[in-house]
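What follows is a group of structures, each given as structure tokens.
Two complexes come next, and they have one chain in common, chain A, joined by chain B in the first and chain C in the second.
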Partner chain A sequence: MNIITGLINGMISGATPILLAALGGTFTFYAGIFNIAMEGMMLGGAFFAVLGSYYFDSWLIGIICAILGSLLMAAIFIFFAVTLKTDEFVTGIALNLFALGATTYMLRQIFNVKGAFSNPGIVPIPRIHIPFVSQIPIVGEILSGQNLIVYITVLIVMISAFLIFRTRFGLRLRAAGYNAPSLDSSGVSSAKIRTWSLIICGILCGLAGAFLSLGYVTLFSENMSAGRGWISLAAVILVNGNPWGIALISLLFGFTDGLGLLLQQYMPSQFTSMVPYVATLIALYFYSIQARKRKT
Partner chain B sequence: MQRKLISGIVGILIALLIGALIMLFQGYNPLQTYAALFNFSLFGLYPLATTLRNSVPLILTGLSASVAFASGPINLGQPGQLLMGALFATVGGLYLDLPAFLLIPVLILLSMLGGALWSGIAALLRKWFNMDEFITTLMLNMIADFFTYWAISYPFFDRNAYSPMTPQINTKAWLPIWGEFNSNVIVMILAFVVIYFVFNRLTAGYEWRITGQNSLFSRLGGVKIDKNYVTVMLVTGALAGLAGGLVVMAGPHRFLKGLGANYAWDGVMIAVVANNGLIGTLLYGLFFSALQTGSLGMELITAVPKEFIQVIQAITVLVIVAGRGYLDIFLDKTLARRKARERTT
Partner chain C sequence: MQVLIEMKDIIKVFPPNVVAVDQVSTDFRKGEIHAIVGENGAGKSTLMKVLYGLEQFNHGDILFQGQPVRFQDPGEAIAHGIGMVHQEILLIPQYTVWENIVLGAEPVNFLGVIDRQQARKLVQQKVDEFQFNLKIDDKVDDISVAAAQKVEILKLLYRNVSVLILDEPTAVLTPQEIPQLFNELRRLRDHGHTILFISHHLEEVLALSDRITVMRKGKKIATVQSSETTKENLAQMMVGRTVLFQSLREKSIPGAETFVVKDLTYIDGTLHKRLEQINFRICEGEIVGIAGVEGNGQFELVNSIMGLNKITQGQIKVTGIDITQAEILDRRRFISFVSQNRGKMGAAVHASILENVMMTHHRLNPHFTKWNGLLLNDNYARQFTHQIEEQFSVVMDRMDNPFRSLSGGNQQKVILGRELLLDTPFVLLDQPTRGLDVGSIEYVHELILKMKEQKRAILLISADLEELFRIADRILVLHRGMIVADLPTEKTDIEQVGYLMLEGKENDAKETN
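Up next is the complex of A and B:
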């Protein structure tokens, strides 16, 4: 029984950062932006989360700093890709490397360490224990006692689905991606909609980063996003941006993450760490087969 | 050509200026810092030789990305291909015993094979199952990262070492060093010349380029797109693998953890700033290498940490790419104005 609850809890904490970043990516996906900068935004968020939490002794300020840091990256993306109309792919690649360089640089400059910064002074985001629910055997261990961000994420999935498919903003968002000129000619600036989608993406990636450095673990290490931004991009593409589909597929990736930890008893950790990436390839395989069937 | 040169130089100057502002903001002396940076990378025989040596992996991965992007496939797998190439060369260097004039070419071929194998997986996944190489190569990067880490931790682990690394390869496989100059530069130049010739002078290269610009047009013109796709993936993978092999054979002579560093991603950036031009890749590769080589000296002389260079690199890329379009408009305007003035007089 313990293995199963452990596996499920591992799945949830593995899925959360991917899910948050992918939800951010889905807004830009619908707005028609080829956004590959989630990795950089997440990394920026993770760094500033530690910075805020450490200097203000508060996880809440940590989260706020994470969002601000991630928004800074988003602002750079907006300035180049939307305002100056630089190629989005190029901007994304440069931004990811900028985030990697800048966080490594600041890690050294501000905390005077190389590689990783961990300190008891960093306040992690608390786990929420729901009264009564936590008493229920097995289910209680899963529903209660998760990190605060996990509950926020569940909320954000619902809000995103509502926002994208049920509101005027969502309609405009999808129109910006589907046919930007017609949106422009109906009097709504598609550039503005794109900017908003990137801001939302920045906020969500900031939360993802905060979860990485203040929830999943309590430290910041160089390049700690470790390809999660890329996996979230794959998740968005695999389900064509549907928030519920993204939630499902993120859980699947999270499961492989947890599975990898479990398998560590049987094989070298290097192979178990590969599992999420191999799972992405397998998911992409099924997606491509489906897509081909649909075409013919 | 001239215009590209102008936009590059202007972009680099603006990026250095932004870097100087950041340094001023943090209370460093930018002039002193840049003087130290370029003193240790360009002025003098040893700094120049080091810059040249360090530029090899950057230029080769940059070439790999340039050729791929210009021909269509979005091969972002250079980091993984570099590692696999390095691993193949290392394993060959550990177990083969041939005279140097045979062993070095064999290892070079092995490293190319390693890279091509890794990009070939992505190419086949695309060919058979229509899986987007953009994501598969990225995932293969992570897998190669862990795979090589395993390989140097267990099967090829050096028992006398405290951290994951292989023993040193056969000394006959070490690339010869003449005075200050490392011969890995020769291999890089050879590879560059071959790629330049194929890309610009042969029918195959023409087909790649035209497919990159307009795949429908080239297909109607009778180009076998699928076959070319696989060829380009293999060639670009081999280039990235070669970069990895040369890193091992010229540098530490063994595979240590973190060997690939950021070479491959920097190479992708170089391709991007060079707008996938081969000569541009060479020049920007040298410039990036100068920055990285000088960063150690910069850290030594001034208090600026060497990681600052990564920030400057990303700023350079953004400024040049964003500025390219604007500079074109600006130059066109001034040209038109001058012509108009000539006509009136």
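Up next is the complex of A and C:
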């Protein structure tokens, strides 16, 4: 029993950062931006979360700093890709490399450490224990006691689906991706819609980063996003941006993440760390078969 | 009738020094259909874009209902009740008709949630009011181009536009769809809307509009009542000289047999017989036209002659040489070919003019290469391009500019120049004047006749019967992949050919000659 709840809880915490970043990515996906900068935004968020939490002794300020840090990345992306109309792919790569270099540099300059900074002074984001629910055997261990961000994420999935498919903003957002000149000729600036989608993406990636460094673990280490931004991109593309589909795929990746941790008891960690990436390849394989079936 | 919009002395200069609109004054009245005609580049679209706020004018005044206005962007124009439908369809294929119509002006509940019921109701009301034959829940991807155009118009009507500017709306429609559009536009006019209609199709303009403004080289030539003018009159104003809509054929004695197609049959990959037992010959100095409703085998015939599809049976000969099995490049030694699709088969639009001129020649003519064909001879190519520029009076800036920077007429001149200078005995022209304006069409016709003088054999495929009657010596009628008639042009008339195209046989009732 412990193994199962452990596995499920591992799945949930593994899925949360991917899911948040992917939800951010889905807004830009619908807005017609080829946005690969989730990785960099998440990493920036993770660093600033630790910075804020450590210096202000508050996980809330940590989250706010994470969002601001990630928004800074988004602002750079907006300036280049939307305002100056540089290539989105190149801009994204530059931003991801910049985030990696800048956080590593600041880690060494500000905290005077190499590799990772962990300190009792970093205040983690609390886990929420729901009264009564936590009493229920097994289910209670899953539904209750999760990190605050996990509950927020569930809420964001629902809000995203609603926003994208039901509201005026959503209609315009998707229009920007399907045919931007049409939206512009309807009197709505597609550049403005794209800017908003990147701002939303920045906020969500900031939350993802905060969860990584103040929830999943309580420390910041170099390149701690470790490809999760790329996996989130894969998730978005695999399900064509549908928020519920993204949630499902993220849970699958989270599961392989947790499985990897579990398997560490039996085999070298170098192999278990591969599991999420191998899973990505397998998912791609099945996706291509599906896509081929749909065509014929 | 009450004057709704007045444009006074409008000047629009595109930097550095292109005067697109030169001191144009005209007025548009409430409840009229007003056509603006002119050749490509005459400034008619620019004038309308100035009115719509897409372009800013440099000088002059626009009065709307007596008030001076200057729209900074189309949004302001729409707010004043002026809307424009562009040539290309700007809709979102993934959205339904009603979603496309309300986009940008959606009825919403609290929290910005779209009120679907209200939106659908408002759109349906407009559809009913103007009797547009549209289902508002259809996906735009699934509807025809003509229907998509209606959606564009409805999109403006939904925003309560009272002036509609249409930029060459018939260009994307099939001949059957045009009368329906015209009926809808007339209905709009009868509801009190004003319609400004850009076109260079004189027949359409005369059929539809109340008044016509003619433009030429940025200047307004005249505004006339449709009822008081003729096609010849309009064409003369448009081009600036008399245009003859009459036969240019000269009596000629055909020489030796140059091009022969014998028993050609083509069955395609889906086992449909596209061409059946095609037989014809073209002599040197002869123009043979092929008439037919589109899709009756013209496309397959062209591809068979060019070697783009493998024929099932039959023989093709040029000057006695059998080319039935020849490679495309080898065929090109005997055949000049002008494709109906300028942008795809006729030219590489992103490549430079120079590169487009070289194509084919660089494989056939050793002067274009040096080092045994390893390097291109740039000097020779430039000289050659210059020759085409002179000989075919192409208006171009620099020969290194991309091909697509040329106007449609000039693109066609470059292609014609390239092909005709291949100096082949046989010339295949597939819709060589499609999409060109009156002046350019005349020029192309003159070129074709010049080739005839040079004793070349010419096969002209055209959807424009008037064109065939103007220059072809014989007309073959293609019907369901078969040649159903071979008529000397002087012994037939348009009605007879039209009947054969549709029915595939002679009109028995009318057999009096």
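Operating definition for what follows: the second predicted complex is superposed on the first by the 296 of 296 C-alpha atoms of A that agree within 3 Å, B and C clash if a C-alpha of one lies under 4 Å from a C-alpha of the other, contacts with A are read in each partner's own complex, and residues count from 1 in each chain.
Note that contacts are C-beta pairs under 8 Å (C-beta built on N, C-alpha and C of every residue); 3 or more make two chains touch, one makes a residue touch a chain.
Since we're looking at a predicted model, the values are computed, not measured.
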What does the overlay on chain A give for chain B and chain C, a clash or a fit?
fit
Just checking: does A:L183 make contact with chain B only, chain C only, both, or neither of them? Give me first, second, both or neither.
second
Mind working out whether A:T280 is in touch with chain B, chain C, both or neither, as first, second, both or neither?
first
Return first, second, both or neither, reflecting whether A:L20 touches chain B, chain C, both chains, or no partner chain.
neither
Counting only touches as set out at the top, which of chain B and chain C does A:A175 meet: first, second, both, neither?
second
Dominant contact partner of chain A by residue count, chain C or chain B
B
Touch check for A:F271: first (chain B), second (chain C), both, or neither?
first
Look at A:I289 in the shared chain and tell me whether it touches chain B only, chain C only, both, or neither; answer first, second, both or neither.
first
Note, angle between chain B and chain C viewed from the Cα centre of chain A, nearest 10 degrees, works out at 70
Let me test your reading of the model: by the given contact rule, A:T167 touches which partner, first (chain B), second (chain C), both or neither?
second
Per the contact definition in the header, classify A:D87: touching chain B only (first), chain C only (second), both, or neither.
first
Which value in Å is the smallest Cα separation between chain B and chain C when the structures are fitted on chain A?
9
Name, in rising order, each residue of chain A that touches chain C in their complex.
166-169, 171-172, 174-175, 178-179, 181-183, 185-188
Please output the residues of chain B touching chain A within their complex, sorted ascending.
26, 125, 129-132, 135-136, 138-143, 146-147, 149-150, 153-154, 262, 265-266, 268-269, 272, 305, 307-311, 313-315, 317-318, 321-322, 325-326
Listed in rising order, chain A residues that touch chain B in their complex are 76, 80, 84-87, 90-91, 93-95, 97-98, 100-102, 104-105, 108-109, 226-227, 230, 233-234, 237, 268, 270-271, 273-274, 277-278, 280-281, 284-285, 288-289, 291-292
Going by the contact rule at the top, pick out the chain C residues touching chain A in the complex.
74-75, 78, 86, 90-95, 99-100, 103-106, 108, 111-114, 155
